[in-house]
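Per-chain numbering from 1; labels A, B, C and D assigned in written order.
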Amino acid sequence: MEFWIELVVSVFLVAGAVFVFIGSLGLAKLPDFYTRLHAPTKATTLGMGGLLAASAILMTYQQGHLSLHELLITLFLLITAPVTAHMLAKTAMHHKLQITEKTVDKELSKRARERNTPT
Amino acid sequence: MNLLWVVLLPLIGTLVPLLTERFGRNVCAFSVALLPAWSLILVLMHVGEIFDGEAIRQTIEWIPSMGLDLSFRLDGLSLLFLLLILGIGLLIILYARYYLSDKDSMGQFYAYLILFMSAMVGIVISNNMIQLWMFWELTSISSFLLISFWSHKPDARKGARMALTVTGTGGLALLAGLLLLGNIVGSYDLDTVLASGDLIRAHAAYPIALVLVLLGAFTKSAQFPFHFWLPHAMAAPTPVSAYLHSATMVKAGIFLLCRFYPALAGTDLWFMIVSLTGLITLLLGAYIALFKHDLKGLLAYSTISHLGLITLLLGLNSDLAAVAAVFHIINHATFKASLFMAAGIIDHETGSRDMRKLNGLMKYMPHTATLAIVAALSMAGVPLLNGFLSKEMFFAETLDQSMLGSLSWMIPLLATVGAAFSVAYSLRFIHDVFFNGEPIDLPKTPHEPPRYMKVPVEILVALCLAVGIFPAYLVGDLLHAAAFSVLANDVPMHSLSIWHGFNIPLFMSFLAMVGGITIYYNRRHLFEFQAQFNEPDAKYIFEGAVQSLIKFTQRIMATLENGSLQRYVFLMLLFTLVMSAYPLFELTQNAGSRPQLPIDGVAITAALLLIISAIATVIWHRRRFLSLIYLSVVGLIVSLAFAKFSAPDLALTQLSVEIVTIILLLLALYFLPQSTQKESSNRRLSIDLTVSALIGCVIGTICFAMLTTPLNSISDFFIANSKTGGGGTNVVNVILVDFRGFDTLGEITVLGIAALGIFKLIAKMRIYVPTRDDKGRPWTKDRHPLMLAMVSQSLLPLALLVSVYIFLRGHNLPGGGFIAGLITSVAIIQQYVANGVLWIKPRIKVDYQWLIASGILMATATGLGSWIFDKPFLSTWFDHFHLPWVGEFELASAMIFDLGVYLTVVGAVLLILANLGKLTTSERVDNKENV
Amino acid sequence: MLNTAITIATTLVCISLILNLWRLFKGPSRPDRILALDTMYINSIALIILFGIASGTALYFEAALLIAMLGFVSTAAMCKYILRGDLIE
Amino acid sequence: MEAIYAFCVGILTTCGFFLVLRGRTFTVVIGLTLLSYAVNLFLFASGRLTIDGAAVLGQSTEYSDPLPQALVLTAIVIGFAMTAFLVILAMRSRADQGNDHVDGQVPTISNNSAASNSASSNKGNN
């Protein structure tokens, strides 16, 4: 196959994989849940986008017509990731998980929690 | 003629009394007698040929492939026994008609009796050992029914159980022996077995076979030490005793000895066992009989002793002795049957069988008394009666044997002693009952029985006399024929005459007479002597044995089956382990010749994840939510493995099922304890762990061995014909909906049934709904988070689109009804989760049972549809069409079938999950708010 | 070049899977574990796509698609379970 | 590769059986689920392992054995039905007997924690 396609695909692949990795690394390393929540839902999703783009390009090139699966998957991920994050945040609030010291604007979370706690 | 009918007629006759009972006693008795009489006539039609020494054989193929067929043979011995069985049987039928009271169910009695009769007939004319054994067991069972006929009496029940146990055990031993014989000879055909006597006697297994067969015979004909069941079987109605315990059942053992005489007899072992058992039984029976106060008890023990006599004769290994034995079989049957009937009459008319009360009946029932006296004299062996003749022959035989070497003289001596005792008890029977003063407070005032009740007795007694006076004319031929078939060679010269001149046997019987009379007149001292030791009642010993056996069994059950499922599972597992591990020891090396795939990093990672999360599931199995999370990881990895090893359909199915399972378990977990404390002891844990680990090793080994052995599969056919025959390129799906469509139909049916069962189980289940989670936190008020609800609604069409797409491509690319159905139901369940039941209710109006039903119906209809084009069930039709815009596309009837699968899956999953979810909707307290 | 890229990517994804498992172990809270599980789903999608690219067939994309759908469903279900106890009400 | 596969099957079997031997219904269900994974993998293995050989005509050169796949596919679905049935049975026994022990009552020999547990569930039930 032509060099530039291979190049693009490879770049997308590596970049995506790196982002995926960063997401998981963040999940493993970050201090508290709220910070951890960011890593997978953002970085990983982005990384997935990269990977899917790579595969979309490659498949389109190989099969000669536009391959839609990747688009579908991307769509799903893009729609669901925020909701997942939202739900997880809700559960975290419900469980009153501790937040690290370095968090700015703790009052926000406190207020949110008060609004959230059942009376 | 048809030998089959000889046994078949009585067998059919078993039903007759049940039908004709309602027409009154006479009709019943008469109708019952018909069929046995017919088969007796059938037998008599062949007396001529038999007397000429022929044997009639007949074989009816039953299961030729297994070498099983019904084979019969009628020779002299069979003829003799048939005459006894059917002849005396008819007399008994007549007798029983008068004996039975109105309270007894006549039809039942006759049915049992005829059943027993046909079983006996079957024994004596069988020409196949297994067949013979089957009839043998049938006699045990039917005699059980007969003895326990008065089932309200505990004696009857106990006696029947004892008889069944003893004879049944003997029957099993007999079966073993017969199988062994068949093994030695290589055939179960009786002719062959009897012909190859030398082979058997020479064989190493001969002693075992002999002992086993003899066990069967001795238990049946009440030989020492198995004699104890016979007296207790006297609790039966007297016709039964008269029939079973004089002429037929107890004679079955003797018949067995005679039948196998050519095959088994002639060795020292045979002599030792048979003759000594016979001798002991003869003496013991004769001795005990003297002290019995019960009429039937006396007769029972005398029967035992006479059977012992016959056995002894058969044991002597001399041809003449065998002849004498056969002769005594006839005589004993005649006089003992008549005696039993007489005793029955006395019991019937006086209401008692106790000889201490029965006295001087001569003047009350002279007719019966005369008959009984004649029969008793014949039993005692008085000249001019048949008993005398066979006893003479018996004495003669005891004289000319030299088996015990220098001690051989003991046998005639002991024989004389036994004879003396038999004279004594015969005297007692006569004198105590019919003379000896006046009856003592009998329940009834004795009088003669009804006229026809005496007829059978008269006939038999007449026979006794006639045979006693003109033996040669009456039984000569019969005896010759019977002896011929017992010895299987020429019968030695024997003269059936009353007078052989003055010889030792005559002198011996004279001694016996004198001795008997003396014994009887000094019986007082004997009774006192006997009174010292109380003989152990066999019943108590036997019952004790039975009880202890029951206790033992109960103890075993208590340990094995203590009602704990946990324990059962463990035991089952242990068994499985043993059974599956054993063959592996033969497996020398488990790595086969198939080239193995290279290991790559992804595989290692996946395996690592799988193993760790599986173990984690186990470790945290008490914190249930946690173990559930690990479980879903395992499921994920498994489906990845399917994808990796080129099974995309499986990967898809596994994924969707896994999610559905997780949702199901979450739904259930809400009602169950969130976490439990440690319950089982460490010892228990380690044991369980060991066992399951061992099983894991075994399974793993098998799996590895299987993976590494080259594959020869039938799947090439499927791959070859998938496109041409099934019209699809996705072979897996084509197999599901076409090649093995019938299986799939079954599967979805099972699925539907399971779903319906669950639906019924859930109905009206009252269950505790926790108001706080396990940490004591109250649930949040926000029942349907807005974002989730909105996004789920917007995702629904997308998901449905995907499932339709998966369904449509299923025939040619990974996908199909199962997967599409699962996806659809997951999508809908998501709506339930996100928006709640109340939101769904107005939107999905179809109820899920209907979905299941229509799905299964559709699938079945597709199958049936192929009948219209007279093709076999579920054969697919497909064709290709061209549409503008869409292009080439294919229609296959398999697609409709797949649609049925789809609907069933959707219906089942939703029926299960939605109903499980609805369980709480009405009960949540905060349900009314913010709806 | 493409193969090297695929190898690198696969390795990275595998490592991230193991990291997720580690988080799943470590917890400490239930949301953490659920998050780890969700990330695992997404990473396995990545794995499948890489596998598809490597083997050059489009057969496995449906698996990826399904994981994308169902992973979301199960995460949502688990959150709902923690929040409300019963999923369907 | 085969060795790893077989090892995983063995591990799954072990874990499954160990959990099946536990006393609580839910745990038993989880054990059965693990076990059914193991069984499905085992059955699938009877078609041997192939890579890049999906049994879809025209997609690859040599195909994996489709027959075990078809069997396992239905086995998975039926397995789900069975699990569901068990789960409902477990709930039913919890509802009727007040505890979720497989034997219907928590064995008395076990330590007091179990007793208290069953007591709490009893309290919950009525």
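Heads up, the rule we're going with is that a residue touches a chain if its C-beta (ideal position, glycine included) is under 8 Å from a C-beta of that chain, and two chains touch if they have at least 3 such contacts.
Everything numeric in this text was worked out from a predicted model, so none of it was measured.
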Which of A-B and C-D has more C-beta contact pairs: A-B
Centre-of-Cα separation between subunit D and subunit C, whole angstrom: 22
Subunit A and subunit B, separation of their C-alpha mean positions in angstrom: 69
Subunit A-subunit C separation of Cα centroids, rounded to whole Å: 11
Between subunit D and subunit B, distance of the C-alpha-averaged centres to the nearest whole Å: 37
Subunit B, residues touching no fewer than two other chains: 644, 648, 669, 770, 779-780, 782, 785, 788, 795, 802, 813-814, 916
Per-residue overlap in subunit A, given as positions that touch at least 2 other chains: 72, 76, 80, 83, 87, 90, 94-95
Contacts with 2+ other chains: residues of subunit C: 10, 17, 30, 34, 59, 62, 65, 69, 72, 76, 80, 82-83
Contact pairs between chains, per stated definition: A-B, A-C, B-C, B-D, C-D
Residues of subunit A touching subunit C in the complex: 6-7, 9-11, 13-14, 16-18, 20-21, 23-25, 27-28, 33, 36-37, 40, 44-45, 47-48, 51-52, 54-55, 58-59, 62-63, 67, 69-70, 72-73, 76-77, 80, 83-84, 87-88, 90-92, 94-95, 97
Subunit B - residues contacting subunit C, complex: 601-602, 605, 608-609, 612-613, 616, 625-626, 629-630, 632-633, 636, 639-640, 643-644, 648, 651-652, 655-656, 658-659, 662-663, 666-667, 669-670, 769-770, 773, 779-780, 782-783, 785, 788, 792, 795, 799, 802, 806, 813-815, 823, 826-827, 829-830, 832-834, 836-837, 913-914, 916-918, 920-921, 924, 927
For the subunit D and subunit B complex, residues of the former touching the latter: 1-27, 29-30, 33-34, 37-38, 40-42, 44-58, 60, 63-67, 69-70, 72-74, 76-85, 87-92, 94-95, 100, 102-103, 106-107, 110-111, 113-114, 116-117, 120-121, 124-126
Contact set on subunit B toward subunit D in their complex: 563-566, 569-570, 573, 594, 596-600, 603-604, 607, 610-611, 614-615, 617-618, 621-622, 624, 627-628, 631, 634-635, 638, 641-642, 644-650, 653-654, 657, 660-661, 664-665, 668-669, 671-673, 676-680, 688-689, 691-693, 695-697, 699-701, 703-704, 706-708, 711, 713-715, 718-719, 722-723, 729-732, 735-736, 740, 743-744, 747, 750-751, 754-755, 757-758, 761-762, 765-768, 770, 812-814, 818, 822, 905, 908-909, 912, 916
Of subunit C, residues touching subunit D in the complex: 55, 57, 59
